[in-house]
Structures are given as C-alpha cells and as structure tokens.
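Next come two complexes, and both contain chain A; in the first it sits with chain B, in the second with chain C.
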Partner chain A sequence: MELSIKKYGILSPREVSINSQKLIDVDVQESLEKSLAQTYRNLGLEYLKFFKMDNLSKLATLAAECLLKDTELYAITDNDNVAVVLSNASSSLVADAKYQQTINGPGNYFPSPSLFVYTLPNITIGEICIKHKIYGENIFLISQFFNANNLYLHVNELFEKTNTRFCITGWVECNETTYEAFLMLVAKGKSDNIFDIKTLENLYKNK
Partner chain B sequence: MEALISELKEEIIKVLNLEGVKPEDIDNDAPLFGDGLGLDSIDALELIVLLEKNYGIKLEDPGKGREIFGSINTFAKYISENQKK
Partner chain C sequence: MKVVYKIADNIISSLGFTTAENMAAINMGQSGIVLHENKFGIPEPFQASAVDFGKLNAAFSSIAKSNQYTDFERLIISSVYETVNHTDIDLSSSETLFVISTTKGNVSLLDPKLSQGFDAVRVNLWAAANEIATFFKNPNTPVIVSQACISGVSALLAAKMYLESGKYKQVVVTGGDVLSKFIVSGFQSFKALSPNRCKPFDALRDGLTLGEGAATIILGIADENSLSANSIVIKAGAISNDANHISGPSRTGEGLYRAITHTLKDVDIQNLAFINAHGTATLYNDEMEAIAISRAGLEHIPVNSLKGYIGHTLGAAGLIETIICSHSLLNTRQIKTLGFSNLGVSKNLNVITKTSGFKATECLKTASGFGGCNAAVLIKKYD
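What follows is the complex of A and B.
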C-alpha cells in the first residue's frame, strides 16, 4: 500500500513551521510554559482547557493544531477513521515528578487530581482526540530516540488492517529543559514525500 | 467573610489555572459549575483537595460537593462554619 506524508510540522521553542515554511514567529521565553503559551496566542487559539494541561499535552495540542489547520480534517466531526500514533523518550516524566511532589510525605499528602490525570503519555493523544473529535486507533510509543522504523511499522499496519484513512504520527518530546514536536499527517496515495523509513529519518534529521 | 471570599477567589484561579479570569470577574452568587466558570469534574476534585489542604476540612460525603461548591458564597459559608486551620 502506498502511503504519503501530506503535511509535516515542527514545533519547538525556536521554530513553528509546516512543510519547512515558518508558520508563526516565536521569541525566546524564560520558561517552557511561557513559550508554549506564546505559541498558543500567536496561533490565535481559543481553547481555555489548554491552560489546564501539562506541558506535553500542550505541545501535542499545539502541534496537532498547526498540522490539521487548513485540512479537511479540521471541521469533520466524526473522525472514526483517523488514527494517532505518537512517540517520545521522556514519556510523562515531568508530570509524574510534579504529581509525586503532592504525595511526598504523610504531613504533605494532598494528591492533585489535575496533575494525576496527566501521568500517562497517551493522555496527550486523548487531548488531541477530544479537541478534533477523533475516534480512531491510537498508540503512544516510548523510545530513547526518534525511531522511524517503529513509527513506520505501526502506521503501516493500521492502514493495512483497519479502516484508517488518515494518521497523525510523529514525535512529541517534552522534558524539564526543552520541547520538540515533529508531527506528520499520513494518508493513502501519492505526494512529494513518500511515507517510508528513509523519508521519515530525513525529515526528522533536517528539521 | 469578605476576606475569605477574596482569598477563595484567588486560590480557585490559581489552583484551577483559570487563564484570563480575575477575582472581580467571579460573581459571588454565580454557579461555579456549568454556565458559571465552566468547571469540570477534575476541578471539583481539586476543590475538595483545596478544602482539606488550606482549611483542614475533609469532605466525608463528596455528594455534598454540589451544594458546597454551588457558588463562591456557599463555598465561603461552608468553610467559615467548618474551618479547622
């Protein structure tokens, strides 16, 4: 089956781009929170739930927004054939550590429900699916580095064995010091970028 | 009671990450859930934690939350009558 990358996007503290074209300006901010909030505002988003999310989910939500904007998926309300396959290295470790601080000792044991809900990386997929009403297959993969082979195999399998028409896939890494998202919209058919391991590696390497 | 109401509004905005909301935007009698501030079930759980952490009040019957968290006024009244800290 021939699959292609219809769009791809990069979101980092230094760059927000789609298909290698700058989408919005970003200024260096003093914290990751401020950087993500600035990107939210520069994109003109109005989605107050964003401010309740952990940084990983904020990153994934913004990256998906950039990717899906101006596509036929943006306004569709019954996306049961859209899949999401994401990956990263740090899982939800930052949220895990913040939650741990709320249960550190018997004298300071106030487990925070709003932190707890983000102590799984696949919650980031949930946030994307809620925002865009996506009901298709999904999986979150953890690997030490961007693993083109893993993503290729999983996405290919979804198109082969399920009713998947589109797949949002890529890398959304967020740790204590920085963040980086590289997302692609994959579909059946031809385009300038074939969905294969070599292209994935090249696009990620040249970002 | 005015001081408690004012403190409560500040705490709610901080704990629930209510972006762009200022204390003066919150009507003392307006519902906190539904049409009011648009809070959700996770926010309700966070308010239960706030009650215990800041005021030493352990909500034994979560079913009472609907009444207690009805508005800023009902929330403040419950705290002032049950506060242990």
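What follows is the complex of A and C.
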C-alpha cells in the first residue's frame, strides 16, 4: 500500500512549523509553561480545556491543532477512520513526579485526582480525540529513542488491517526543562514525502 | 490462511504463579482479594489482590540476583521465564519480539524511600523494558504499550499485527503492574475504590478493587490448516476512542460499541460462547459497558467479569483475563461473576452466575480505560 506524509509539524520552544515552514513566532526566552501558553495564543485557539491540562497534553493538543488546521479533517464531527499512534521516551513522568510530591509523607499526604489523571501518557490521545472528534484506532508506545522502524510497522499495518484512512502519528516528549513534538498526518496516496522508515528518520533528525 | 495463535501462557497473581494454579483457584470460586491495613503508609485501609512477593523473590533467587531487579521487573521476568519453559522458543532470536504492557512499571522508584540502589533513570518504562529484554538476551528493541487499563489488550492486538506483517516469527506479549502507594492513593483520590470486594454489574456495586500481577502470552503465526487440536487463535480485534472525556466513560458507550462492532464485523455471533467484560464494578464503567453491549445487539450473550477473583490488575488485566478466557474455552466451562448477585445496570445483561458448560468456540474480551480508550479482542478455539 502506498502511504504518504501529507503534513508534518514540529513544536518546540524554538520552533513551531508545518512542512518545515514557520507557522508562528515563538519567544525562545520564555519558560516552558509560558511558551506553551504563547503558542496557544498565537494559534488563535479558543479552547478553555487547554488550561486544565498538564504540559504533555498541552503539547500534544497544540501539535495536533497545527497539523490538522486547514485539512479536510478539521471540524468534522465523526472522524471514525482516523487513527492516533503516539510515542515518547518518558511516558507521563513529569506528571508522575508532581503527583508523587503530594503523597510523600504523612504530613504531606494530599493525593489529588486532577493530578493523578494525567499520570498516563495516553491521556494525550484522549485530549486530541475529544478536540477533533476522533474515534479511530489509538495506541501509545514508549521507546527510549524515536523508533522509526516500529512506528512505520504499526501505522502501515493499521492501514492494511483496519478501517484507518488517516493517521496522526509521531513523538510527543516533555521533561522538566523542555519539550518537543514531531507529528505527521499519514494518508493513502502520493505526496512529496513517502511514508517509509528512511523518510521518518530524516524528518525526525532534521527537525 | 495464516493465523496468529497462542503458543504458551503464564499468569502470576494472588491466586498463584502459573496459569494452572490460577485456573484451579478460579474454578473453585476463590478470591485473592483481602483487606490491607497500614500498607505503603496509606492512612485508609483498602481491599486488594496482592502477589506474595516473599515467595516470588525466593523462587526468583534461583534464576538471577534478586537485588539487581525491581519488584516490577522480577514479576515480569518470572512470568516470561515460566512461560518459555513450556516451549522450545529461542528468545535470543532476532525473529522474536518483546511487547510489554504496563501502566506504571517502576513508578514506586519515585518514592525516595524505595529508590535505594537504583539509578534514577530506571523509573523510565524503557529502562525496565531494556532490563527484561536483556535478561532474555533478546536483540530487538522492546515495544512498550502504555495505554491505561486497555494496555494488555492493546499489546495483544499490536503483536498480532506485527506477526501478520511477516517481520517476526513469534512475539512474547508480557505485562504487569505492581501495587504501590502511588497507584492505590490515586484510585482512592478518585473515590473509585470499594470498601468491600468489588461487585461487578451488581445493584450494590460501589467501586473497584485493585490487584497486581503479571501475565505472558507467546504468540506465533502459522497456516490455519497446520494448527493442532485445541489451539487458541487471536481472530480479530479493534481499538476505539470515546472522544468524550479523559476520565469518565461515555454515556453512550461510544468507543466500546465501535470497538466491539469493528471486531465482530465478519463474525457469526452464534459462535460466541461468552463475553468477558472489563467489569470493574464502578458505577459508571459497568453501566457504560451494558449500554455498549446492548447497542451491539449482544444483550443475550452470557457475560462475566473476573475482577472479583484477582481485582483490577491494570497493565496485566487484558493479558491475564484473555488467558483465563482461552482456558475457559478449552475447558468449555463458563466462569461465574464472583461478587455479582442482582443486576444493577440499565440493560438486561445475561451475567454469568454459575460455572456451567457450553458448546460455542469463540469469546469476546473487552477493556476500557482512562483517556477514553476501549479495546475488544475475539479469540477462537480450533478443534
């Protein structure tokens, strides 16, 4: 099956771009939180749920927004054929550490449900699916490094074996000091970028 | 036609360290759930199904140096080790892949009191997975699935696809989670835990019971005609998202309904012996499942939940429960829903209340979790 990368986007404190073209300006001096909030504003997004999210979900939500903007999938109310396959290295570790702080000692034991819910990496997928009404196949995979081989295998098989017609896939990684998202919109057919392992590796490397 | 089939399996839970021990206890109606007081320094007592780590560590010391591995890693390694003992599979082959399912892995290492002796990096799921793959000398990068409570079923479906692609000859699907202050306090903060043993689908159900454990299923791929009698095949499956809420189940059972209908697309439901639901015994989960099952036209099919025996084992649940279902198909014995007395959902589900026989050969297993994710898998016994 011939699959291609219709669009790819990068979102980091240094760069917000689609297909290597700058999408909006970012101020590299800002803190993590401020930088994400600034990207939200510069995208002209009005989505109050955003402010409840942890940084990893904010990152995934913004990256998906950049990717889906101006595509045929935006504002459709039932995206049953859209799959979401995300990956990263540190799972939800930032949220995990934050939650752990609330249960460390007997004098400091205030477990919070609103913190606990973000201690799962696949919440990012849930947030993207809610925002864009995506009901398709979804999975969150963890790997120490961007695993182009397995991501290619997984996405390719989804197109072969399931009702998938579009797939949002890539890497959403967030730690205490920085973040990076590299998302692609994959679909059947031709475009400048074939969906294969080599292209995946090159796009990720050159980001 | 090529099919993905089960080569061997293992379950480690409060009920035993092998599949046979677990099945024997379940067939006798035993539950491993007991009340824990002052455990992990958690102020409130809680019901849980816990693994006997004293016994596990004693057994582990004959395999490797116990103190080099965390509880989570020992649990998984023990499970894979016992599984592979029943086969002649070469785990060091490049044609063998590890797919590991877990929600929280080594998360207890974040607790300063528990992290002694381990490098801080070990809390990462990939670091634990590398330890496991390295222990078995597997040369491939392990694939880690972390998708809340559907992780186990997701991992099985991923493994099925990887085998069908022809890239691997066998996949070791293993997974687990360990009870910790982190996990128990989190579910307590959600007011999700029952003060009693959980009562799936019951009118008096008031929350879930947590459990811990590990399970392993080694999958292979073969021509349908070459399967021996009593083979278990992973026939179909699907995952869908509710696109509704990150922690609350959909009121229309949307994602689960879609996962079930995609899974049963080419299936004659006459062949369905039973449905093994997620059945956590929270008010909202069980009601959501009843709605999804009813919408899919499966209200009449016998349905059970296994949570009353071993609790909700998180990243292990999908694997443990699929293994139990496969043996239920092989023994042609439906397993009763422990803790259930009177129907407490809005649809007329056919909840299994007594262990009895059947003739059909297929079983639908479902799971749902935080993040709005839902999964279904269809397994079939070949005569």
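Throughout what follows, the second predicted complex is superposed on the first by the 205 of 207 C-alpha atoms of A that agree within 3 Å, B and C clash if a C-alpha of one lies under 4 Å from a C-alpha of the other, contacts with A are read in each partner's own complex, and residues count from 1 in each chain.
In this section, contacts are C-beta pairs under 8 Å (C-beta built on N, C-alpha and C of every residue); 3 or more make two chains touch, one makes a residue touch a chain.
Nothing here was measured: the structure is a model prediction, and the numbers come from that model.
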Inset, instruction - Considering only touches as defined above, state whether A:P111 meets chain B (first), chain C (second), both or neither. - result: both
Legend entry - chain B or chain C, by number of chain A residues touched: C
Legend entry - Which of chain B and chain C A:F140 touches, first, second, both or neither: second
Inset, instruction - Please indicate which partner A:F51 is in contact with in the superposed arrangement: first for chain B, second for chain C, both, or neither. - result: first
Inset, instruction - Considering only the touch criterion stated at the top, classify A:S91 as touching first (chain B), second (chain C), both, or neither. - result: second
Inset, instruction - Examine A:T71 and indicate which partner it touches, taking first as chain B and second as chain C; both and neither are also allowed. - result: neither
Inset, instruction - Scan A:Q29 for contacts with chain B and chain C and give back first, second, both or neither. - result: neither
Inset, instruction - Under the contact definition given at the top, report the residues of chain A touching chain B in one complex and chain C in the other. - result: 111-113, 117
Legend entry - Of all residues in chain A, those that touch chain C in their complex: 80, 84, 89-91, 93, 96-97, 99-100, 103-104, 106, 109, 111-113, 116-117, 119-127, 129-130, 132-144, 147, 149-150, 153-154, 156-158, 161-163
Inset, instruction - In the complex, go through chain A and note every residue touching chain B. - result: 48, 50-52, 110-114, 117
Inset, instruction - Mind listing the chain B positions that touch chain A in their complex? - result: 16-20, 38, 42-43, 45-46, 49, 52-53
Inset, instruction - Would you mind writing out the residues of chain C in touch with chain A in their complex? - result: 41, 43, 103-104, 107, 110-112, 123-127, 129-130, 141, 143-148, 154, 158, 161-162, 164-165, 167, 181-182, 185-186, 188-190, 238-247, 254-255, 258, 262, 369-373
